[in-house]
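Heads up: the structure comes next, in structure tokens.
The chains carry the letters A, B and C, assigned in the order they are written, with residues numbered from 1 in each.
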């Protein structure tokens, strides 16, 4: 540990010497410094706004999580806000209901995230495999779910899933299948499908964009060598979009662990399965806006962010190892 | 300390307001604008679009109070934004359409004591409306009134089975058993909506929350509550109910329309929706009073008002009360709420007698009866509305838990009694964590 | 049909040209010039039997994606009475025009106003976000400087923040800043999108060669001038993607506006529709028909935008192949 820091310090030392040399030394090196500064200045407008509109609220929320609000008597006297340190975090870490919901969302993510990734990648490869004119048309169609507002998507799928009026029901009857999308046992499938339907278009767009930077000449070379299209896709295109694949994968993990809208929707149709504490985001929402404990909700949000961060880091490592 | 100051402030404000009110009632029309003091401007928050028309009419009718209506996107938006504005304490409205039970508003530090303003005008309101605006003997809410429940029954379906519309809950179960062989259900119990349980508990005169000195007495296991739970237990155990969700509207309406459902407890404002979305059963329906419990006389019609409140931080409660009196009880204010879409006036639930308003809201094709007869059923229900049902200091917290437990009970995973036990335990935990004093009744 | 055959033929010619390219570098340039003009056929396009397999796959996925939207289209043509009482996947009395007229007339024409607000917020926000994100991404990708790693960590870390965490603090902050209940609350914060910055950085790493910058420097161009004259041009695809993604997100969002905008006249279209939808539950008039028609109408600007964007993607592709 200490040796690592030593090395770091040594490097830093060298770096500062270099800077000093640049400042006092030849004009060419100091021009490099100005160039670096100018380079950094490209990011300043963004980070100024980012600090104001993201970091400041995060810090405010962090502050919130360190306090506790308590009433007394009948509760009418107004509540007392007291500093309570990490009490809210301790309570969150020991909150069985919260971790149960985390486990639920986690197991869901384990199934749905890879599935979404595979389907999205397949789509991106398919779109990449046709001529550009055709691709344009399909890309547009595949983005339709992405463009349909969430509140309307909800209406659409409730109709399609409906065991009474849904169009699949007669098909199921014909095949003598007893499938009810609203039943407790099917709820994950229904939610998963809704989720995948809504997200593959976006993922496809990102992956497809990445695919287009693959040098086209590689394909020709491969074709000349007699490689099949499938082979080309798997061994040339896929490795090329690995970064984007990791990116969309991480986004998918973040999205699924924070899943909220879909289960809330299905809470109405299957309340005995989807309780108010079904997913971590639902626990947080319930604490903040129903129970009215903003302090605890803030602490839970931070724990959730931590778990999502760790999960993302682990997956990132893992995919990197597999890739190399 | 702080609340003491606030009360003193409210008192002084009350005195001046009383003077102002009496002053205006004598000479509003003739008084010129040059009175000392500009008109008071207040913000009123709500999510009902019709309210805007009432506000305009009010602003036209007098020049002492000017109301600005802030329309929220919906009930949920109202809750979120109201919580936020009370947090920032900037531009707090003087009147907020009710979205939470009174005790909850009070615990959150939202509602002002407006007894001094409501007391003088008590006689304008119905008993149900008044009881829902009070906590103990103080008014913390505007007597907004609640839409009373009555029932519509499919007379064709009942006739086919040779039964009458049930008058009691016990009869309803019998009716259900008589209908069962033909696959017809007597009532729909949506898994996400436990409000029917509250209805019956209210009718049975259960008291889930009661103030005893300086603590709350919580009781979800009284004989009254269990009587209500037992009705549902029998219905579910015998498979007499359907479980259509309100989310799947096409399915819901087509089921109601199919003749396979015999009764539907409802409120007046649901009727146009039923007519719009029914096809085959139009003209088959009949409005009847909501069933009562056997043996208990004068139980009344269920209906729980969420009273509008005058938020803490509003400096001119008198102006708010003045507006609300106009909106809820003045014939001109009520007339101003006529909607363009239907051409009808909303039933003014705050009034003692609404019989002159009910006939007009009855859709013409739905019923086997004349609109007049249906109107009478609605007006009678409204006259008997119970209004009050104390839901305690943490309703927002326990209601989702009740939903969960109710959903499980309807799905036959647990009994209704067990569901109530679980909710009671949850309430105890929640009050404890909030530092609110309580005891569970013996 | 004939179109696909034509594509096949072009693919064949391209293949012929390409095998020639190996020997003649000038042909490569010629082909690229052709591609830049637009009469291209993807070098990636597959042929023969796999092509039909690919097409079949695409068609299946298209049905999956677009199929559910069919309900929206059909329902928008129905009257209130027939919305729930007729087959959801087929037309009843065709009332689309009446619905659209009612939509724009309802509540003194609120819908038109909301639509305009949405166009304003989404366009202004997206332009700002695209420029700021491209600059930031370019800076992060092309330069080495101290603190870069940390700032990048902040950007990625911000993806992890659950939305629920920030609603209340953001509201309080916006009130403090005086942005609350103004159009600026929809536009200015939209300028700063961490995800867009990340995208811009990844794209810039791939699309802008360091050598090009060195060359520009040798020619005496300053860093800023290089960015505007070369960087931005090479980042067109990234810009188009960022613009589109943010535009769609801004267009569909209603929770942020719900908290930040009190004045109904400032609402964007999705918040307006959401509010109409919420009305179904506790009022006499069910305006679901208007919500559905409104959603369909509100999707049109996005489809138009996407069609317009196709051009940039095509252009972007050729840019990418330059390196």
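Convention: contacts are C-beta pairs under 8 Å (C-beta built on N, C-alpha and C of every residue); 3 or more make two chains touch, one makes a residue touch a chain.
As the structure is a computational prediction, the values presented were derived from the model and not from experiment.
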Greatest Cα-centre separation from chain A belongs to chain B
Note to self: most contacts are between A-C
When centres are defined as mean Cα positions, the distance from chain A to chain B in whole Å is 41
Taking each chain's centre as the mean of its CA atoms, chain B sits from chain C at a distance in Å of 44
Expressed in whole Å, how far the mean CA point of chain A lies from that of chain C is 18
Note: chain A residues in touch with at least two other chains are 159, 165
Expected list for chain B, residues touching two or more other chains, is 80, 83, 246, 250, 254
Contacts with two or more other chains occur in chain C at residues 88, 168, 172, 254, 274, 277
The chain A residues in contact with chain C across the complex are 35-43, 45-47, 49-50, 53-58, 60-61, 64, 122-123, 126-136, 138-153, 155-157, 159-160, 165, 167, 197, 200-202, 205-206, 209-217, 219-220, 224, 228-230, 237, 243-244, 247, 250-251, 254, 258, 280-281, 284-285, 288, 294, 297-298, 301-302, 304-305, 308-309, 312
Residue positions on chain A within touch of chain B in the complex are 70-80, 158-159, 162-165, 182, 184, 265, 267-272, 275-276, 286, 289-293
Residue set of chain B touching chain A in the complex reads 2-3, 79-80, 83, 103, 106-109, 191-192, 211, 214-216, 244-248, 250-251, 254-255, 393-394, 396-397, 399-401, 403-404, 406-408, 410-411, 413, 430, 433-437
Counting only contacts in the complex, chain C reaches chain B at residues 80-81, 83-85, 88, 107, 167-168, 171-172, 175, 254, 258-259, 262-264, 267, 271-272, 274-275, 277-286, 288
The answer for chain B against chain C in the complex is residues 47-49, 70-77, 80-81, 83-84, 87-88, 90, 246, 249-250, 253-254, 257, 269, 272-273, 276-279, 339, 341-342, 344, 346, 361
